[in-house]
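Structure below; questions to follow.
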């Protein structure tokens, strides 16, 4: 699969490769394009705007004044158009320049129709009435052309045209509403692909960047995308999975390149492309290609509200229509005065200790051949290969000399996280934030190390390159991400140090956090070896409510909203467990069985994980998904030597690199 | 009437014992009345300008503490530099620092009493006062550093409508009991010991107000045999009660760290190490304050160089214990092969807070070594400078222990750092303000030296004193130490 | 030595000490009682916007609690009924003029809900669920008292944590047959009811005692 940013010749190469592999019709399907993107459309429009031929411009969503390449000067041209109307969800650069601004409804508030790339149809159904006076795109367009009608009427009208027979129409309507989707009859296509111009296009490709010819690589940001989510505090505070930066973007440089240029993280530099410049800080990231500067897009927003204000730098200043994503010849000017503080959530990026150089096997990974070789030689009773790496002593030596005193009754909750499946997308972090009323704290507090996320992605670089002297370097790295939340230890070190007993162990294996009992001595957070606990240093809820008055409506009523001075942590979504348990008890009154069946209680992180890396359930049930996961030979616990007996265990990451490519 | 200062010759008079018997403990005017006059003078005279300045500055610093605390309660713990992972910073370092300082007084009052070290009488009142004030400063920190101060009463095992008790397994709760009892016992001990002196002040009082005030607090002391008998017995009992507290209280405070499992905290040497450190820092603080006080209030003949030298010897001893403890931590980190422990030691010495670690080593291990030399032990300037260095070093020790273990513990992903904010500094400065304010009031209104106990050690106090006709310079029994 | 204090002042210090100790102990005890829900909440009887009498409806007429508080079997919150529920009877019933129904009729016509004052209110950090208590067979009277005898509803039980724990630690005395849950006159102890012998009970009632049972 070739990424969207790549130029046409690379896409053509991709097609050719796929055809050679005979992938079409088997692993890849080509469908007819629903919404063909026409090259040069925006340039044509800008051309017409320049000639003054555009008198009225209606913009349905989007933010062209921000993201259209700068050399087209869309913003200046927009300001000159006599009648410009922007339908927009929020204030942004475009609404600032448009003559008229119409508030747009959110897609969850209005009716509409959506079609997937494979032709599947779905009806967009609203969950609530519009919170403010607003219109959706279809309502607006129809209003421009006639009387104002609401989205429901418009969708029904379209269906009337599609199904003239009333009875059949009603049947299809109800069925589609119920099912959610309607399969399409679109078939895969098998176009004939011609590669005539490919070799010449390939021959014209640019050479690899050199130290005199640096390449600038503009990338869509992992959290704010192209900037459209800049006003979303959750996404601004979400650390980038690789750089761990929040609230800002930076010029990302590899270790060797930065070293050669004499730059350190947070140094201010000035990047220039032709006569366009951008001053911003540098962030050194192991693994960035040599002589390349990666610049995330989507920051440096203006007129977009308090959240986006001051967050990052507008990389679009260096984005030209001729080279929207990759361009060579960018110059770096060092010695710009000062440094710019960048809020990163992880200070130490590797599992190697400084001063001693020793390795801490916190996140275990191996190649398939290593794994197989070990498992073949493993004797019965010996710990599995992941535990061999992660634990310094055999399992037998981790037995306590004291009798077990933890009370265990009922279902025993546990979780297994598969590091092979985890792609480091951060969805779990945001889902947890949404479900559990976790506050954002702002850049200043993230700089102070006080971000509130209950589950975080720990990202470790593993060096794979060596320099001339044979010393290991961080130019070429493997990245392993490990989601880390409260491990719900059976012998939790946090429980016995709380002076008021605000954190106690439930008989089902959860480490309960009673917010109303906590007086905030913070000893529990000190004693947690995983540092999974976060403290409300200020009244973050009050601060959030001041900037987001609607946020109070988002909060989950099943979870306490915390005041300042109170400690919080992952609870395995105990509100969901309790909800499922109440259902089970009520049901059990009739059936006699009041056990929560596997899958009835899903944690928010589990529910949202796109690769199903997180599995949660009853470990005392040998048939549950989580029990099966934990029986795998890749299963290990982090910091098992401390004998915290965590209920969350991990499955080691196994990679299968092609030996010819390695 | 000015007290004659000690002459240069006399200054050396009691530094070594003669071949038979002991050198006198006190120099200069050693009569009973002389002692009374010397000690009561600061209380009865108009305070000097120096004292007034000292008092005003201290009150200003204490005011800073009050304001900082008010802002802390209003805004939240976030105004300090604490964060995730370093959830305890200066506030807890200060707490342990002040509790440590408080131990000197109890050791001098109680332990040295049981060991019959008569030289303690010149300094015990002063040191005990310092204990009380240090405990007050110390207790202020756990009070203010909790996130929800208005619910602090939940740490007390009072019956409540929630049907819950506090968690008795938590070291923080043991702290609550230990330090509270310590403060209470120390206060009672100090007050009881002061009763005869308060009676002296009452009897010498010129104004009615003073008569009544000192009279109330003197509890009707007549100096009768019965009163003395009760006094001595109570004193002995309280000394016996306070003695184990010297060892237990700071051991329990050390459990705040030792019971946790962080590398650098989780070591069994912490209780004796902390107790020795407490005595070490306490004596250093006593020395700092006493060197100034004896010069300012002119009783260098009551608190002689010999007394200061004895304190220096205690400092040297406890300093060696501290040095042993440092060495033992390193040894066990190496011998035990616990990777987290070894890293913690390496991080302390070479990591981002290495500067604090080496200040600690220089001030706590190297500086007191000078006290092996008699000349150094008997030189007031050296004593003063080294005691200040030790105070600084001991504060840094608590800082190093608290912060270096927290900022880099088990998971490399959670490593962070800590830097104090203005309010952290204000809280430390403010606590010194509180301490010095109380101290200034003590100097002004209460007798700094335990007159009755000092007099009890003089030859005139011996029952058979006048029998051989007149006072003697030295007697074979019971004088000096 | 002049006598500053008369002899009777000798008795002051010990008496003062005793008095302070007594003051502290009684202070703790008084605060414990007067600040507890037993004192502050029991007997709370707010004036409602209109005089609805449970005594008349649930008592004399014998209406079941669930007729109005209908969500108690399906959800966490036992709903205060909407005006529509009142109007099921009062739209057509003819009652003497003295009965003040004007407020109900006005609420119905104006489509504005009656602003009832809530009597039983637990703090925000307590998540109480009616449904599961109903399913366990805990009677309404156990927590709400004899509402059918109240002209104006008042809180009968403290609803403090210790009070809840007392039942959670030993629920058996408070369990009753499922048919008698809304029967406010029935007393399971008097009737000699044993939940363990009840054939209709298919599961053992195990109330949570851990923190997250009620606090999440």
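Note that the chains take the letters A, B and C in the order they are written out, and that residue 1 is the start of every chain.
To be clear about the criterion, a contact is a pair of C-beta atoms (placed from the backbone, for glycine too) under 8 Å apart; a residue touches a chain by one contact, two chains touch by 3 or more.
Predicted model, so just to flag it, every value in this text is computed and none were measured.
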Which chain pair shares more contacting C-beta pairs: A-B, or A-C?
-> A-B
In terms of CA centroids, furthest away from chain C sits chain B
Measuring from the mean of all protein Cα atoms shown, which chain centre lies nearest?
-> A
Quick one: report the Å distance separating chain A from chain B, using the average Cα coordinate of each chain.
-> 55
Could you put a whole-Å number on the gap between the CA centroids of chain A and chain C?
-> 47
Could you tell me which residues belong to chain A and also touch two or more other chains?
-> 517
Do you know which chain B residues sit against two or more other chains?
-> 164
Residue positions on chain C within touch of chain A in the complex are 123-125, 127, 129, 131-132, 135-136, 201-203, 206, 208, 210-213, 215-216
Write out the stretch or stretches of chain A touching chain C in their complex.
-> 410, 504-508, 510, 512-517, 558-561, 571, 574-575, 578, 582, 585-586, 588-594
Chain A to chain B touching residues, read off their complex | 346-348, 350-356, 358, 360, 362, 392, 445, 448-451, 456, 458-460, 482, 484, 493, 496-501, 517-523, 525-527, 529-531, 533-539, 563-567, 638-639, 642
Within the complex, chain A is touched by chain B residues 75-78, 81-88, 142, 145-149, 151-152, 154-155, 164-167, 169-173, 176, 256, 259-262, 339, 342-343, 346-347, 350-351, 406, 409-417
Once bound in the complex, which stretches of chain B touch chain C?
-> 158-164, 202-203, 211-212, 215-216, 219-220, 222
